[in-house]
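Structures incoming, each one as structure tokens.
In the two complexes that follow, chain A is the common piece, with chain B as its partner first and chain C second.
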Partner chain A sequence: MNFDKDTNRMEEALKNAFRRREAPEGFADRVLSRVTERSSDKPMVLRHQSWLRLFSQPLVRWAAATGVCAALVAGGIYYRNVQREHAEGEAAKQQLVLALRIAGSKLQLAKSKVQQVNADHIPADQTESQEEKE
Partner chain B sequence: MKKTVGWLALLAFTVVARAQDIKIPPDVERLSAKAKETVEVTMDGPMLRWASKFLSADDPEEKKCAQLVANLKGIYVRSFEFDDENAYTPAEVDALRSQMRGPGWSRVVGVRSQNQDNVDVFFKLENDKMAGIVVIAAEPKELTFVSIVGPLDVDQLADLGGEFGIPKLDAKSLSKTQKGDHK
Partner chain C sequence: MAEPLSAEKSTVVAENDFAEIVRRHQAMVFSIALHFLADPAAAEELAQDVFLQLHANLGRLKSGDHIKFWLRKVTSHRCIDCRRRRSLPQVSLDEAPESAAPTRTEDPMLSHRLRQLVASLPEKPRLIVILRYQEDMNAEEIAEVLAMPIATVKSHLQRSLAMLREKVTRAIGEVTI
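Presenting the complex of A and B:
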């Protein structure tokens, strides 16, 4: 008797458990959106993994490190050369300006001397012409 | 072998040809040993071009300077400042002046004063165009030699007028200066 009762209860429980229930509202949409999210993430992760897998090889790691070091050194040398060239150019410009200043000052000296000579001669010329008139 | 000799001859010719433009006598170069202060500027064509690249286009003075320098072949300056008078001899100055006795050169200014402030300005003309200017200023304690080589015209010089204190030179003043040769 007890055995029958127990089977009936079990049957009831199973029936309850397997009873058809309607899914909550929006359940299907939520499930679909999660599925699409996961499907889009997965290849990216895989891609990253495959790209990073290259560096698992020591030779590639060394090559990459050497490349970065070489690029840094080349960049440093280039920057230093540019700086040196600029400094040399500025020095050359200063020399050029100095040369023009010296040339200018000496031309100024020549001009002032000539003006002085002309000024000394003009009164003498004027007096000579006045004497001729007389 | 013949090729090497040919190249050497060409090189020697180039050196001589360039030296003909500007040749400072060794005696004058040696004055730097006696001088209190020496300024030596030697800038040939490529150097001028390069230096002029660093002249600012925003600065009107430097812009004009760059325009002038663009046509020049060289700028050479030797300036010696001495502690005492008579540190150089008239022969040394004559050696400098003698460089401009060749064809094409004409002295447009020659001032000799009693206080030993002597100034000479020479122009080199090629096809009636200015091809160079040399200024020799012999002062009691200072000797300056300036040579600007290249196609210069009076307008370009006049443009330099306000810049760096270089005076404006016009045809009228030049004709007067020749008359005013004061010895």
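Presenting the complex of A and C:
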């Protein structure tokens, strides 16, 4: 018999080749024991799911989303304030340093002038006292 | 007066029902997986997972036919997922090794050869052939299970059969079966 001429034979051969096989021995028992194992783990899963189930309500979802958005905005504003205060503090520090430098240079100038004046007056006094001794 | 079932008793009844469902359909689920994967251990693991999933979804299934349809559908999709995850090298039908051209063969050899050839088909056509010849499903039923157009199922089936016929004819020539 040629397969080209007899499609039914081919189909019959395929049905033979792909007939159902018996599941391995103890298959159902293994499935049932896995089901029992899972059932014993279930309370934890259920507790977890009950928390998640809260978010299945649209109102709670919106409230959560709004809360997250508000927290993000508040966080952004707080961060900007901190940044601004930090920048102001830096500017004040720079100004103080500049003021101290200016004051320091003025003091230096005054000190050198005083020293110069002292230097101009001391030789004259010394001359007068020598003359008095003589 | 009929006594109402306690929660514990009703659970036991449900578990007995589930055990009965497993025993009734285990050969079908295991065979689809075995014929598709050609690996008994992987087929058993997949079949067990299918029944665990069934246990979790049992409340949503309305009848025995619905359960059978659901099992075929989930098993088919899991087979394809499993195959993709394992990403075994897929041999096309043309590349499938041919036997040493025996001129005559007996049923077991022919069956073995056909299974080899079907195993070399791409995933969807292979599943279609398995559902058609193992489960004796028609194109409409297969299309529903695999969520494919009927025309696609028919064309896959025709092309697969043509290729199988050509390969078998080339390999064994005139065959008495």
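The rule is simple: the second predicted complex is superposed on the first by the 94 of 134 C-alpha atoms of A that agree within 3 Å, B and C clash if a C-alpha of one lies under 4 Å from a C-alpha of the other, contacts with A are read in each partner's own complex, and residues count from 1 in each chain.
We take it that a residue touches a chain if its C-beta (ideal position, glycine included) is under 8 Å from a C-beta of that chain, and two chains touch if they have at least 3 such contacts.
None of the values given here were measured: they were computed from a predicted structure.
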Practice task
Scan A:Ala28 for contacts with chain B and chain C and give back first, second, both or neither.
Solution key: second
Exercise for the section: Quick one: classify A:Glu90 as touching chain B (first), chain C (second), both or neither. Expected result: first
Exercise for the section: Based on the superposed arrangement, let me know which partner A:Asn118 touches: chain B (first), chain C (second), both, or neither? Expected result: first
Practice task
Scan A:Gln108 for contacts with chain B and chain C and give back first, second, both or neither.
Solution key: first
Practice task
Identify the partner contact of A:Met10: answer first if only chain B is touched, second if only chain C is, both if each is, neither if none is.
Solution key: second
Completion exercise
Interface with chain C, chain A side, in the complex: residues 1-4, 7, 9-24, 27-28, 30-32, 34-35, 38
Fill in the blank from the handout: Counting only contacts in the complex, chain C reaches chain A at residues 15, 18-19, 22-23, 26-31, 34-35, 40, 44, 47-48, 51-52, 55, 107, 110-112, 114-115, 118, 129-130, 132-134, 136, 161, 164-165, 168-169, 174-177
Completion exercise
Residue set of chain A touching chain B in the complex reads 86, 89-90, 92-93, 95-111, 113-114, 117-118, 121
Completion exercise
Given the complex, residues on chain B that touch chain A span 39, 41, 43, 47-48, 50-55, 65, 69, 75, 77, 79, 109, 111, 113, 117, 119-121, 135, 137, 144, 146, 148, 160, 163-167, 169, 173, 176-177, 180, 182
